[in-house]
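Okay, got some structures for you below.
In the two complexes that follow, chain A is the common piece, with chain B as its partner first and chain C second.
Right after this comes the complex of A and B.
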């Protein structure tokens, strides 16, 4: 199961190496998903292109917007107090990913490219209206995350394109998840709510098929600020009804619906100043 | 010391040539199989147990999920080298005093992970340290003594 491992120093070189590898080349960032696949021979690349020397690491605020390089390890965001303060929902979601040792290497770009239905980062990034910057041989293009995610493990990336950065506008936000073990386990469901302005709530949920998504029906019923009890309950019920939940080895559909209902309500209470 | 193409892996302060190491080999297998450093354990090989934890440039990493050639020139510290780090010695002493092991299989991972946490976050409370140790599992479920060892470390201060 050998492959050639290359670590280009520029995006142009990376595109060339990926194009040459046509179909049999894989991209490697932190490796926490890819190495799992390699062991299971779901992927048998002849060439693996490592992004570790690309100049894309790092993150910075541009006004009220956080721009994160795709190869930035999650831990770098976790330890930055400004992320916890200005994007609390994103900070909680990052802390939910695997263990500290995993987050030292796992990247934001890798999580997006993987587009796993159970990702903890996709719901909060959807709620926060994140955009993805995609780089390719012909230049870069930007896309709303909602359009970037097509289905489970399927994105709008066209090889040899790579995710270059992710842009996240700051907003009061919360992320709540449910799983069996707190660390190194996968969430059964995750609920993300952003509250970017008066009476505006954006709700997204993960742990559903074919991919995490916004819940416009639940959002539409939230008209007051803060929403009173009955409005919160209606939104939570709508969320539990709206999303297409699977039954799988992690949880049944019914369990997921119940938990989402509880988490949406709890998240709204939290954003109104109560305890999460 | 480095190989013909200049690639070397620095482990516990010693450089080892790795140009003969295949591209797909994981750090865990290089450490155990080639360098005979058997203290680093293989539990799950999927990133789920923490038994294979080493430090890469001072930060905990799951060596089962890292390709050896991806380490580059960042220094690796395994359990065999942890006593060279004052925090490592303190963690070892705390585990010893509390008898924080049963079969011992998870112990290197716990000791290395905790050493990394103490260096990265010197001000962390016992509760914070325990939260960030959640990725390390003890199959013997000997957690009570491990928790005591962490509390002992904090009681004596950073």
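Right after this comes the complex of A and C.
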């Protein structure tokens, strides 16, 4: 199906183009997800609004917080040594997304807006307490990621709103995942753990419906620093129990639980200085 | 330059089937059946005909009208009874692809659903313990036997029985099936991406009721075949649309259709039992159920060939094999690089590996003690020719010891042993023409990517004539002009067409020798721009050796033919169905090193070695590429690739997202080790290596997993979930 491609130079122009095309306009960042929609005859958009010329690209540290423009390609974060050093979990998760070629195009904003249950970035951003900056015709608003994500492929964005940036506080962190094929496959489960302060652990999982989420029950049992073996095992078992795993063609619920249990324990060992 | 086609391919200048166009061309779309089994009560094409841009909309009724001369017994192209989901029930030609697709969606069909045969488990749940139901949907039955099977099992001091399951796998060529059809007077033409122009002429001709002189097939460059482009698939629909519309029609499958309509390896179930006495393997029995999908009875080519691989390349005193090809509502069974051999070898070699471990014997030594060497007899009674298996096993054992010393603790090492035969049987012919400037090889095959045509045939001409590659040109032609060849499949191109090049070259040099007045054949050479021939101390430019007619009309022509002969099996051992004799005996012995995550079940292949019985390596880079490619593809069959059909006959993973072929990131370093000295059916004793290197991969990986964990997997592929479940169950 044919469509019109437009590339506005300002957010205001983008909002106007999206409002004009209401219902039949799509936002294009890296296009790695959108490309599938363009091929679906029934839902293909008539107008595609590219964000490439918006002044949102780039990332920078503000003290201990990383601010990432929504149109920043993942590869720019991957190759920045400060991201690997100060947000190791985020760095691992980024490297888990597709292939290097894909990461040259795929953006952080696109991953958030897609809100895929199997996203590799959402669990680690949840564990790190990321916040989303949303821009719209009426101005900008900020929201915790946990509130931004509503359900599979559903976010709190109200058209023609766009994600402008994402803010991620630095913390020791780890991300572990499992797939049938290690590269370029969809994760069956992803486990993210952040350890922002003494005896504080935040655990989030992906590969669950309707969307990735934190696991407060598993977090609650982690009281020591570092947690001793039995505490880690209890947290891992609680995580496997707590998360609402589906059975689908990629994995059974049973397998997802088994793997999450193993990965939560490994993540905690890793954060305590052991090998993951 | 290693490959003459490389620059054009790297620069994107090669035009594959999907890239081809013709002036005035229409675009086609297929209308997929919405059920896997059903009877079409009524097909309403009018909404499609009224849709914008549509020039022709055809179904079964139009097919009959377009093919008045076709016999009544012919299988219809558009079915009355649907045999698999998405089977095309109608086709559209329109001025644009979008319009063709929109019109295809507008077609209305009234279909009476019929009961579904989804898979082997639901069709024949009880076999082999229970007998077959009288109305079992069987396409073929094979049975062979020799010796005192019951006696050997009764006398055995050890018996092992195993059951295995394997999955359907797709060929996954990057270029989907694509063709352009047009009609010129009485002659129907099709330009198509195929491994076998003459095979398509035969298949499509039969379906359309067209004799060979009324159907001309031209091959385009092929963007990968792997067995999927051997038979006709898209061509009959495009030809019918061309006849209906009066215009050239292009039909290319979407990538989703490529998965849904491909004829490939389907699931199998295998049972193997072996009897051992005094450390010797004495007898083996085998049962096989093979899903052959919507194949028609009498069209089975795989069961008798595949089932023999389950016996392994071993000396046996007694054996019995029995198998059924079962009809289900899936697309028909088709060829996939060494059809079913990787799956059967996973079962047979895994069983043998486990048996050796039961006996406390080194698995490689156990195979070595029983494997065929020249002069032995196969189970079916054929005399074994030169076979490199024993030498390859010795090599593998030494390598395994070396790896064992150097690799980290916990690494599992596994050896897999597979065998195959170069398929030189189907006929092949080439024509050579020599002009003062160059040698031209006229032949009927397009390069499918392996290099067997652009490199293999050229290398043969280089070797037999002494000319450099830059003076040798390939000329393809269509089925009306090119010499006959069966197709690029069965690891046969070098073995058959390469021999034909050699035979024609022999004629050419003999004739040039005569023209020089010499007693023996001439040698060829190049000086400046000119070719020359020399014999017995006489030397002359080619220009002076040609007749005026030859100089004006295409040069000195010579034809070479090759039709290989196989050995013979003992018919007394065959009790039902068809079994096949081999043209030669090609061994592949692989060594895999794996690490297994005991909690997640993830198998990582760390290192890999492939020892390939090659007879003689004609072109080392092409040989190496074939072996590496076979291993990579085999790793997919071993670890990640699996077609998943739902209970409604729907393919649930028709795309690269959930049908997982290995990426470069999962393919470990592969050591390719050629083994020469055991000649095969090809030129200079070469053995075909297109298929063999995929065969032992799943076995080697599964044997390595068993070595690492003590747990054996009985089902392909070895996904993390299957491995984790097996480890938990222990």
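Convention: the second predicted complex is superposed on the first by the 274 of 276 C-alpha atoms of A that agree within 3 Å, B and C clash if a C-alpha of one lies under 4 Å from a C-alpha of the other, contacts with A are read in each partner's own complex, and residues count from 1 in each chain.
FYI, a residue touches a chain if its C-beta (ideal position, glycine included) is under 8 Å from a C-beta of that chain, and two chains touch if they have at least 3 such contacts.
Since the structure is predicted, the reported quantities are computational estimates derived from the model, not experimental observations.
When both complexes are superposed on chain A, chain B and chain C occupy overlapping space and clash.
In the superposition on chain A, A:186 contacts chain C only, with no contact to chain B.
Once the two complexes are laid over each other on the shared chain, residue contacts for A:16 go to neither chain B nor chain C. After overlaying the two complexes on the shared chain, residue contacts for A:28 are found with chain B alone; chain C is out of touch.
In the superposed model, A:252 lies in contact with chain C only, and not with chain B.
When both complexes are overlaid on chain A, the residue A:99 reaches chain B and chain C alike. Of the two partner chains, chain C is the only one touched by A:262; chain B is not.
Once the two complexes are laid over each other on the shared chain, residue contacts for A:3 go to chain B alone; chain C is not touched. By the touch criterion defined above, A:178 lies against chain C but remains apart from chain B after alignment on the C-alpha atoms of chain A.
Of all the stretches 60-68, 114-122 or 132-140 given for chain B, the clashing one with respect to chain C is 132-140. On chain A, the surface patch touched by chain B in one complex and by chain C in the other comprises residues 1-2, 99, 181-184.
Chain B contributes residues 22-24, 26, 45-50, 53, 56, 59-62, 64-67, 69-70, 72, 113, 116-117, 132, 134-137 to its touches with chain A in the complex.
Of all the residues in chain C, the ones that touch chain A in their complex are 98, 101-102, 105, 599-602, 604, 639-640, 644, 652-653, 657-658, 660, 662-663, 665-666, 719-721, 724-725, 728.
Chain A meets chain C in the complex at residues 1-2, 41, 99, 178-186, 188, 249-252, 255, 258-259, 261-263. Interface of chain A with chain B (complex): residues 1-5, 7, 28, 31-32, 35-36, 38-39, 48, 50, 52, 75, 98-102, 104-105, 181-184.
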